[in-house]
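Input: structures, listed below.
Below are two complexes that have subunit A in common, paired first with subunit B and then with subunit C.
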Partner chain A sequence: MTPLPPDVSGEAPDLFTTSPYMRRRRRRGAVVKFALLLALMTAVAALVTLIITVINGSFGLAAVENAKPPSELAASLGHPEGTELESLGKEDLVTLLEAEISTNLGRRFERERRFFDDRLVFEDPYVLNDLCMSGEPPPACSLSARSREDVYGLVVERVVDPTIVGTWSFFDSVFNRGEIEADAALEHPGAELIFRSWISWDFIRNPQSPEPAVAGIRTALFGSMWVVLITLVFSFPVGVGAAIYLEEYARENRLNSIIQTNINNLAGVPSIIYGMLGLAIFVRTLEVITSGSFLGGGGGATANGRTIISAGFTLGLLILPLIIINAQEAIRAVPGSLRQAGMALGSTKWQTVRAHVLPNALPGILTGTILAVARALGETAPLVVVGASTFITTDPTGPFSKFTVLPIQIFQWTSRPQDEFRNIAAAAIVVLLVLLLTLNAAAVILRNRYSRRAV
Partner chain B sequence: MISDARTAGGVMIEQTVSQDAEESYGETFAMETERMDAYYGNFRAVKDVTLSFRDRRITALIGPSGCGKSTLLRTLNRMNDLVPTARVEGEVRFHGQNIYADSVDPVELRRRVGMVFQKPNPFPKSIYQNVAWGARINGMKDDLEGLVERSLRQAALWDEVKDKLDESGYSLSGGQQQRLCIARAIAVKPEIILMDEPTSALDPVATLRIEELIQDLKVNYTIIIVTHNMQQAARASDYTVFLNMDQDRAGYLVEAGATSMLFTRPAKIETEDYITGRFG
Partner chain C sequence: MLLFAAAALSILTTVGIVFELGKEALLFFRSAEATIGEFLTSTIWQPAILDFGIWPLVLATLTTSIIAMIVALPVGLATAVYLSEYASPRVRGVIKPILEVLAGIPTVVYGYFALTFMTPLLRSILGVGAVEIFNTASAGIVVGILIIPLVSSMSEDALHAVPMSLREASYGVGATKLDTSLRVVLPAALSGITAAFVVSISRAIGETMVVAIAAGAGPKNFTFGEDSLFGYILNPFVAGETMTGHIVRISGGDLSYDSIDYNSIFAIGLALFVITLGLNVVSRRFVARFREVYE
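What follows is the complex of A and B.
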């Protein structure tokens, strides 16, 4: 071994010049610091790219070809040039419908729902009367008249009939507007160029549709909510219960340490494997239950076991280890002195756990659960295996319905060839991200609120 | 022996001992251990301890760090059961009954043998709830408010907290928190209160108040107190037990007796070495 270099003996320490050794140490530190900064920048860049890509697809110019230009329609009723179709009253809109669509189609609409409470437009009063007296009266007999918005929707859909013939991304639309206008005028002379936000209330309210302009995510949103609800109802009590047992009751022996290790491992198992498990157990083996046919319901027959409840339980299994681990950590974080204080007063184990351990662990348990639910909300692969429907336009009616969820919907839209589907996929991604961020924010708020209250 | 104490001991010790002679308590034993060993796994923490704790007296357990004082204390109300590997051999008798017998319910035992810990550990609940909880879970539901007040008065805390019973137990100072813990222990009507270095986390003023409180409490309760502080043992206890550890780090009983005797005329040289500060 080399001897340690002697201290500078006798001389006053020189604090104003740096020795080469010191310079080397500092340089090494600076290099590491730069590398760390680089790592951070990479992560930030990835995140920003993601957000930009999504925004880029969610907004942008669209070339729309109308069968009948809306401005002409307003003018055809004698309104002055430049009157917007949207500003017309219900009377005018119905008049337009009367002029532009066939009587048969009009009758169909009127049987669905009348245009006015006091008069009929397309239908013969006697015919409708007879229909209402018959065994199966059409909905119009009991419903009140259509609203102006409803009629406006019909006019847009049936008379104006817009078709999107081309779309451009957000940044293209902003920076190359002139070029796009020239292109559009050349290729789609009749088309109108409008700036369109693909995220809108209609997008959230509308059901799935083969027509991208009117397709929405309502079906998928309801599906996601149902699935997550079932997931939560299953995995929260089971997971928290298991965690309490493991932390408070289980003795330290080989069996329990094997169980603990396996729970930790299960948290890292690829989600598609849970999908296989769900397919085997819930969809196939327990089909009688998961299809709802044990209740005698006919609705289950078409979905077999590929229902919301199968999906919910599959995702429940998927996040169960996460919930157990999070809850265990929260319970472990409760100071042992509280348990001792409780036990020393002559309480039973459960009384102490119930009164002191759980209330103090609850914020942590809830935070962990919310994060686990966020994971379930974003899962796609296991649900593909379990059998989420890729095209479904009716809202789920209960746990035994067929279903689709947001990520599946997004996946399905991105695999379509038409450009417009990519735009609504981006819009759906924005909705999904907003949902996930809301959940995460809720977890953070919960944690902060309770950690401030605890001490 | 008492006269010896008078000549050699301080004024306080003299008083304590003279009171002893006048009262009828202190003649019987609240708790006894007989040839008791306490283990953690294979490690023997306390070895062959045979001891008697006098009823309604204050007994101090002293000894160097790691000699098993706390372990011994925790075997007396089976708090050691909470440590998975802990076990006890020999007998610990309470009312003549071995508390380690199969028929004994440790939950009921702990109600009757309460405990105050080293660090004040109030529940993160209101002051009222801190005191009332133990009583409520033990089924004492009548006149909880009266019970809370009496307990807080006995713990000499009532005047300080009577206007803020709904505030968190954490809002109190360290000394107040420790008195709250004592009130909490009293509220379940124990016979014995075990104290594990109850003042080690407190400042001198708060320590003194707790010591005074302990003197008041001995009228009703048997108190066994572990302390690191020899002055505290000398000031505040009637009887003192000195434990030491052997080369295997197992604690054993060196000497036990009236505090006045032990601090003035220790029977063993080991005790003398320890109380004069030559080791430990």
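What follows is the complex of A and C.
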């Protein structure tokens, strides 16, 4: 894009190529250009390495020890040899549970949620009836029976009880397979060595568990969705409103310029500070509201403010400056002639804004909002401070539930010293990155469509 | 009016931050266990025995930030110069999205990267004995990678704002592309680039997840004279907890309100807020100055 030095050609001796001084200058130029390119490649290499590192952790060999081999379990019910545990029906699975786990544990599961709607397996009907009449009825009293998948999960977790005793990264597994097999046979003689993709449907569907073999991210995914939803519901209208005010209504006075400067400065405040603000205001000061206890304790048994709604509002404040700044740019890009045309037809300012400015700015506003939501989806630090739960296995049921989100799950698994938790952290990272990439792609498509129309 | 309220909410946010951080920090300094003098001078942070000196945390923050800047400045600036002065539109079309992706990756992922890639790499280069599993060097390098896109995009904006006529004048007197880029365009964009640097430093200081995961989980307390200056105090390959890392670790546990721990993290938060806000204001001044020159 910059003009090149004039190209000298013709009969006269070419000073640009013959003079040693010029050659030296050119060589130096080439060296520096190469150095710049190298620096740029460093940045690219960093991204590639990062992705490879994550992939490297998401797949690989794992040595698994089962307390009860699944093949034997199916056979113990009289099914032919080689029947897969997965193919069994709910009745069979419950029978297995009955045979293999203690009655006490069975009662506990049944009080959490019944196995069948029409009969009880472990629990005495009279005891459960009494419990349901008592002041604190167990969840089973109001919930319908467990699904087959749910029972299957229990069988795997409690009966098969797979323990991962060792894991290897992808490249190790591919290139040193022989060595690993020898190692595993020596150190974990009872274990089965399988090549495992840590990302699987089960990983996405299963709730959190202390056992990495069966742990999943369902709880965290639901948590993330709830939090982002609240964030969006709060920050989108407020952000767009603020942008409209600043672009269309604000006069050039001191107050408005302070607001503008302030928004720009807020965009640079570290996210963890927002977390502390959320902790002090939403979690603590507004505890009565955010814990849901103003609804008569109906929301959940949490009774403190470390809930989805606190997290949502905290992230809402965090992305508000981003939404405002982006929306302002989108509104500014709407040509002034549209406004004048609207006004000339006698519409009021608000009518003009609503009927002409906003529809034209909408794609830009949405693009900015999607990017801001992507930011909220990946935020970790403020939510740690606001108090995401370290370990919950139940899906959030509403804005007043305790919660965990995907990035928090990644953080906790990464912080565990055992290798297998690193593997599921990597798998969770893949899921998170895919989600973010989808959002970004949506933003890019929106932007392209918009710019095509504007041309 | 409703729209004004929406805009004014931003003011309320700032006031909220200052008020809440200030209030809790004040409670902290008013309490019998901590004094502002100790907070600002002591080199021991050990809440269990009521030692509250912020220096171990500040030192770790400085270490990671300086290392981050050593990585991010040259790479980010060189990327910006290449993209703005040398690159063909096609190369730009490839590189810009890559930088955007790099900027969009959540910081917790960078934390994972630091712990599972950078630390083992450092340990295999420098020896397992020389590098601890948690260390500020690895965290700092990865924070540096994380802010490369920020440095390069802000610097590139600054370089773009330099009028074409300056470049053409430079070529006109016989300068090469190299001379033009480094001796004419770069100095002309200096205030904008400085702004980029200042914002990046502020970002590095405020960065949380990478240091919380990879830098260490306990303050690196030290005593001048007793501890070796280069072997321990300034050694980046030793574990150290930064200000942000400490806030995350303390608030991640079960924290009871009105405890000295609760108040102490707000004092740290206040210090952090003041530092980063100050840096951002400074950077905005630089940008304002450089706009005055060319518009």
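Everything that follows uses one rule, which is that the second predicted complex is superposed on the first by the 318 of 455 C-alpha atoms of A that agree within 3 Å, B and C clash if a C-alpha of one lies under 4 Å from a C-alpha of the other, contacts with A are read in each partner's own complex, and residues count from 1 in each chain.
As a convention for this text, a residue touches a chain if its C-beta (ideal position, glycine included) is under 8 Å from a C-beta of that chain, and two chains touch if they have at least 3 such contacts.
Here the structure is a predicted model, which is why all the values come from computation and not from measurement.
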Subunit B and subunit C placed together on subunit A: clash or fit? fit
Is A:S415 in contact with subunit B, with subunit C, with both, or with neither (first, second, both, neither)? second
Taking the superposition on A as described, I'd like to know which of subunit B and subunit C A:V228 touches: first, second, both or neither. neither
Item to check | subunit B versus subunit C as contact partner of A:I263, first or second or both or neither | outcome: second
Of subunit B and subunit C, the partner touching more residues of subunit A is C
Q. Is A:V94 touching the first partner subunit B, the second partner subunit C, both, or neither of them?
A. neither
**OP:** Classify the contacts of A:Q351 with the two partner chains as first (subunit B alone), second (subunit C alone), both, or neither.
**Re:** first
Please indicate which partner A:A376 is in contact with in the superposed arrangement: first for subunit B, second for subunit C, both, or neither. neither
Overlaying both structures gives a minimum C-alpha distance between subunit B and subunit C, in Å, of 18
Subunit B residues touching subunit A in their complex are 77, 79, 82, 84, 107-112, 114-115, 117, 119, 121-124, 133-134, 137-138, 170, 181, 184-185, 188
Listed in rising order, subunit A residues that touch subunit B in their complex are 251-252, 335, 337-348, 351, 355-356, 360, 454-455
Within their complex, subunit A touches subunit C through residues 1-5, 25-26, 28-29, 32-33, 35-40, 42-44, 46-47, 49-50, 53-54, 57, 237-239, 241-242, 244-246, 249-250, 256, 258-259, 261-266, 268-277, 279-281, 284, 317, 320-321, 324, 371, 374-375, 377-381, 384-385, 387, 390, 407, 410-411, 414-415, 422, 425-426, 429, 432-433, 436, 440
Per the touch rule, the subunit C residues reaching subunit A in their complex are 2-11, 13-14, 16-17, 20-21, 23-24, 74-76, 78-79, 81-83, 85-86, 89, 95, 98-102, 104-113, 115-117, 145, 148-149, 152, 164, 167-168, 171, 174, 176-178, 180, 182, 199, 202-203, 205-209, 212-213, 244, 247-248, 251-252, 257, 265-266, 269, 272-273, 276-277, 280-281, 284
